[in-house]
Amino acid sequence: MTVPGSKAPPKLVVEGLCKRYGATTALEPTQLSVPEGEFLTLLGPSGSGKTTLLQLVCGLVELSEGRVIIDGRDQSDTPVHQRDIGLVFQHYALFPHLTVAENIAFPLKMRGRSSAEIGKRVADALGMVHLGHLAERFPRELSGGQQQRVALARCFVYQPSIILMDEPLGALDKKLREHMQIEIKRLHRESGATIIYVTHDQEEALALSDRICLMNHARIEQLGTPQEIYERPRTAFAADFIGISNILRGTFVAADGERRLETSYGRFSLPAGAVASGEGGALVVRPESLRIDAGAQNRVEGRVKEIVYAGSETRLIATIGDSELMTLRLPAGEVVPTLGETIAIGWDRDKAVLVP
Amino acid sequence: MDRISDLSRRNLLKLSGGAAAMGLFAPAITGRALAATQITVADPGGPFGPAFRKAFYDPFEKATGNKVVNVAREAEPTAQFKAMVETKSYTWDVCTLTLSARDILAAQNLLDPIGFAHADVPQLMPEAISPHYMGTDVYSTVLAYRTDRVKAAPTSWADFFNVEKFPGRRALRKNAIDTLEQALLADGVPLDKLYPLDVERAFKVLDKIKPHIAVWWTGGAQSTQLLQSGEVDMIPGWNARFQAAIDGGTPAKIVWNQGLYSIEGWGMPKGGPRADVARQFIRFCSDPKAQAAFTEILAYGPTNLDAYKTIPAERAKSLPTSPENLKQMAIANEAWWSANRAAVSERFNSWLLS
Amino acid sequence: MSAVATRSRAMPSWLRRPSPLWLAVPGFVFLAVFFAYPVAQLLSLSISPPEGGGFSLAAFQRIANTDVYLRVLGITFKIAGNTALWSLLIGYPLAYWLARMPEIFRGRMMLFVMVPFWTSYLVKTFAWMIVLGRSGVINNLMTGSGLGTQPLDLLHNEFGVMVGMVHAMVPLAVMTMLPVMIGIDRRLVQAAQTLGASPSRAFWQVYFKLSLPGVTAAGLLVFISSLGFFIVPAFLGGRRETMLAQLIITQVQELLNWPFAGALAAMMLASALIACWIYDRLFGISTISGGSAQEGKGRIRDIGLGVLQLLATASSHLADLSRRVIGKRGNRLVLPVFAWLVIGFLVLPTLLVIPLGFTSSQFLEFPPPGYSLQWFETYFSSPLWISATIRSFAVAAATAFLATCIGGFAALALAHSRTRWGGLIFAFFLAPMIVPRIVIAVGMFYLFARLGLVATDLGLVIGHTVLAIPFAMVTVSAILKTYDMRLDQAAATLGANRVRTLAYVTIPLVKGGLVAAFLFAFITSFDELTIAIFVSGGIKTTLPKQMWDDMILQLNPTLAAVSVVVFVIVTSLLLLAERFRRAS
């Protein structure tokens, strides 16, 4: 696995890539560089441009501006079938008229490989996804999970230079999805392939990715490792989209010789080193950073509205002010307040993140 | 409860009203039925409808008080005749028939006698009357050509079959009937010695012209269209079809020489319920004045030659039975065809394909 | 209460919970009486001697004694086969183009494609005579512009017949292929390309392969429909273009030799069935019966896939070549340009007829020497034409209603029932489509003559309904396939009985399909000639029958004027239906 930011030459470089349909912009001019062997996730709500970016990279959609460079070669005008890119579709896109083995052999046949080689590699690929016994079945005779594994095998079998996956697990149930996540992770590790993975499921993104490319409104919102994005979201959107966030919005005021954030629930210290530019901003505090502490530096009063017991932790939902809700996570063993009780919710100033 | 009784009262009223109306009209209906009968006459339809109406139907209605309703029949109504007689559902009382249809139907005993003979109307052409049939008009299979396209005007079937001396696009009818006769006439067989046809000889002559035939036509209206549009320059066919094109301004001419004429006339389905009035009608159609009136509209020849007493000389020129034209022609022999049609048609079809 | 309970327990189970197959019974009986019986009787005529009674093979011996009937049969099959082939070759790209269009645009384009379908065969045929003739539109344009000096022989030969027949059949081919193509997942083609297949390989080895069920169904439908043609070959054909239907009509109508007609019909039916059987072996025709195509295994499949691979390689070279010649952009224009040309081909004859209706000439000349309304006057003042028009609309409406009910219930029965006889029952309901029309018409005429149904409107309606049932049933079946049966179950759990479920849930939801079935049945009747020739008795004449008489007797512009009137009425009806469909 390549560590992000290492010196390896980038596998994929996207320069000023842009797609417009008439007056609407599906993707603003975008820069992106993906090193070899990375697992990059394009994460975002529907309509954020992640699928467009994917389709531009593989050439299914013609770009309006910019360049797509794969392995140092400009592939912007290369037709789809010559780009040597693998794409795993959301609904698998298995050929219904071909057997499982023939589906997997398809890309090898297109590349004119010898039948001996095809036979061997198809068998290997089937073994890799544990479907050797279903080689002669037709896709419609398989379950959803099996179909997905065939789709993965069909993609990995010809070792494309980049593998793109478009919400491949979207149609599976939760349990199967988690199982397949592990499967994909294993395939990635074993093959060392460069994978660009599209999803709108933030948990999936956190679990799989080396880096996450968070997208919103047809452009990149934030690009970084899962940890970076989770712990240091750069925007309220990023904070809100990934994990559970408590967001407190207000205006900056000067008090006690420092700038603070004035909200309707109180006045809070900013984290150290935070640059408070402009009129106002928002403080993002993760639930696990909150605790019941009447003596904390930053605190608000809240009434316990809901208590959710989740085994390893207990989640509290409290009302602050008139309607705003805050979520706290209490590790197992802490004293749990009763429903309706008024508590003081506090946090260390450096555990919060200031976003515009 | 109220609603039901209300409804039934209204129904009662309606019923009684209906009965009253019936009572009023019933005498009128039966009264007319006693005085006059309505017969259904099947004619060839198209332009025949109005022409027959003017020449025969209206005068007959006026003369007898009976009603004539006319409908268009099939090109060959023999199947309808058969079904009508066999199921005794007489939709027609009288129908126009060609001589060949007459022979087929008479052979299967599907026709009623018309109730009069040649002696009753001696001016009729003798071929036009038989026990089950009276001809009303004569049509002739003749040659027509475009005067604007043909350099040398053909005057006989020999000319039509001579592609070197008389160049031009030719059509023939896609049917053995007439076509075989034309071939034999072209080969020098005299008009009065045509029948029985020498089929072998005819096909030998046809073999020679086969590659030069551009169009094989199948319907009368099509033959008009072919001549009128200039699709072909020379074409054999029925005189009235070509006359229609000429009357419409097509530069074309009819060659009466060596024409073969035939007759169309009335027959009755066997056992029809209004046979008396139908016979009366058929007899009425032998009237020379009525036949003359018919030729004003369509260029068919009257079977009652007395009609020429009132037909203008100019019109008579384009009618098959005018003395000038009739003497150049002969009648097609239906008896021969009735006996040989199936076999000869089969051979003709086979010849066409090879 | 208890009395009711006991009674219902005493009822036999098939009454308490009637099998849905009962819904197919009315249609089954109807077709048995008015289709299967008369056809069987006609065929049995062929083995009874003319004098009646006994058994005779004389009619078949006569067929065997000469080669002419076998040769005409061969010509008939050749023309029908070529028609099917060309209809597919022309129709496939058009259907492909339409399938990729947004739905609204596709709906509008379909109106164009359907224009020839809604125009009488007779009108289309005479329009082609005007276009293709020696002094016709094309030759006039060509000689007038100096492109050629000699007029081309476009008419009265095999080319003329093919133009007329392919023109009549392309809409049927497109309409059969289009639903299959729309159902193909476009992403499969994209997937093939990302896996390294060039566009032409992705097309042939994935898209085309998946569209094959539609192609084979269209091919068979066009082939079978073409077998019964007699108007087009009679008017556009030459010396050799004689089809079997023409000979059967001659035997029935002119020579009155019904046993022989029956023998010819039997020969035609038998060879049509054999052709269907071979076709099914080779390609499978399950899509017509609404079943999903099962992927076969074994040698035939391997050969098929191999052929597709060859096609892909060949067309890939072709695409490269054309890209070099006309450029990438030009290459992309090939399909739309072709599609528009085909639409032009489909619409042209109908458009030509419109000015002819306003001609001042006595003949069908193009361009008209002057304009007048005389032919519309002739039409509107002719009680014959008007009554034929009214009768045609009335008979078509009654037919459409009857066929939609019978076909719709049969489709419902088969959709609900899981009987293993389903395929057989479906085939029986489709049989009127497979049996050549002339065979049905003659058999029906024989039956109707005895029932007193000849020359009655009822006879026409019954006859047309027999022909329309397959169309109605296929259309309703197609929509029921996409219908979620759980909705019926939901209605049942909510307390609706079967009738109420049908009335309040099923029918409103499949309304679109019912309207389509109604229109299909309507036009089947409205354009029907063969049955009308035999059943109308010359009295109850329909519009196509009246046009046919006119075509035989006096080819004049009334025909064009009538076509204009019909064209206007049908187009307005279609637009109304389209609006109704979109509003619902």
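Worth a mention:
Here the chain labels run A, B and C in written order, and each chain numbers its own residues starting at 1.
Everything that follows uses one rule, which is that a contact is a pair of C-beta atoms (placed from the backbone, for glycine too) under 8 Å apart; a residue touches a chain by one contact, two chains touch by 3 or more.
None of the values given here were measured: they were computed from a predicted structure.
Interface comparison, B-C against A-C: more C-beta pairs in contact at B-C. Compare each chain's C-alpha centroid with the centroid of every protein C-alpha atom shown, and the nearest one belongs to C.
Averaging Cα atoms per chain gives one point for each, and the point farthest from that of subunit C is the centre of A. One simple way to say how far apart two chains are is to compare their mean CA positions; for subunit A and subunit B this gives 88 Å. Subunit B and subunit C have centres, each the mean of its CA atoms, that are 35 Å apart. If each chain is reduced to the centroid of its CA atoms, subunit A and subunit C end up 54 Å from each other. Those residues of subunit B lying in contact with subunit C across their complex are 40, 42, 44-49, 71-80, 82-84, 86-87, 89, 91-92, 100-101, 104-105, 108, 169, 174, 210, 213-216, 218-222, 224-225, 228-232, 244-245, 248-249, 341-342, 345-347, 349-350, 352-353. Looking at the complex, you find that subunit A touches subunit C at residues 58, 60, 79-87, 89, 91, 93, 95-97, 106-107, 110-111, 138, 154-155, 158, 164. By the touch rule above, subunit C contacts subunit B in their complex via residues 66-68, 71-72, 75, 129, 133-136, 153, 155-156, 234-235, 238-240, 242, 247, 250, 252-257, 361-365, 384, 445-446, 449-450, 452, 454-455, 533-534, 537-539, 541, 546, 549-555.
The touching residues of subunit C, counted against subunit A in their complex, run 185, 187-188, 190-199, 201-202, 206, 209-210, 295.
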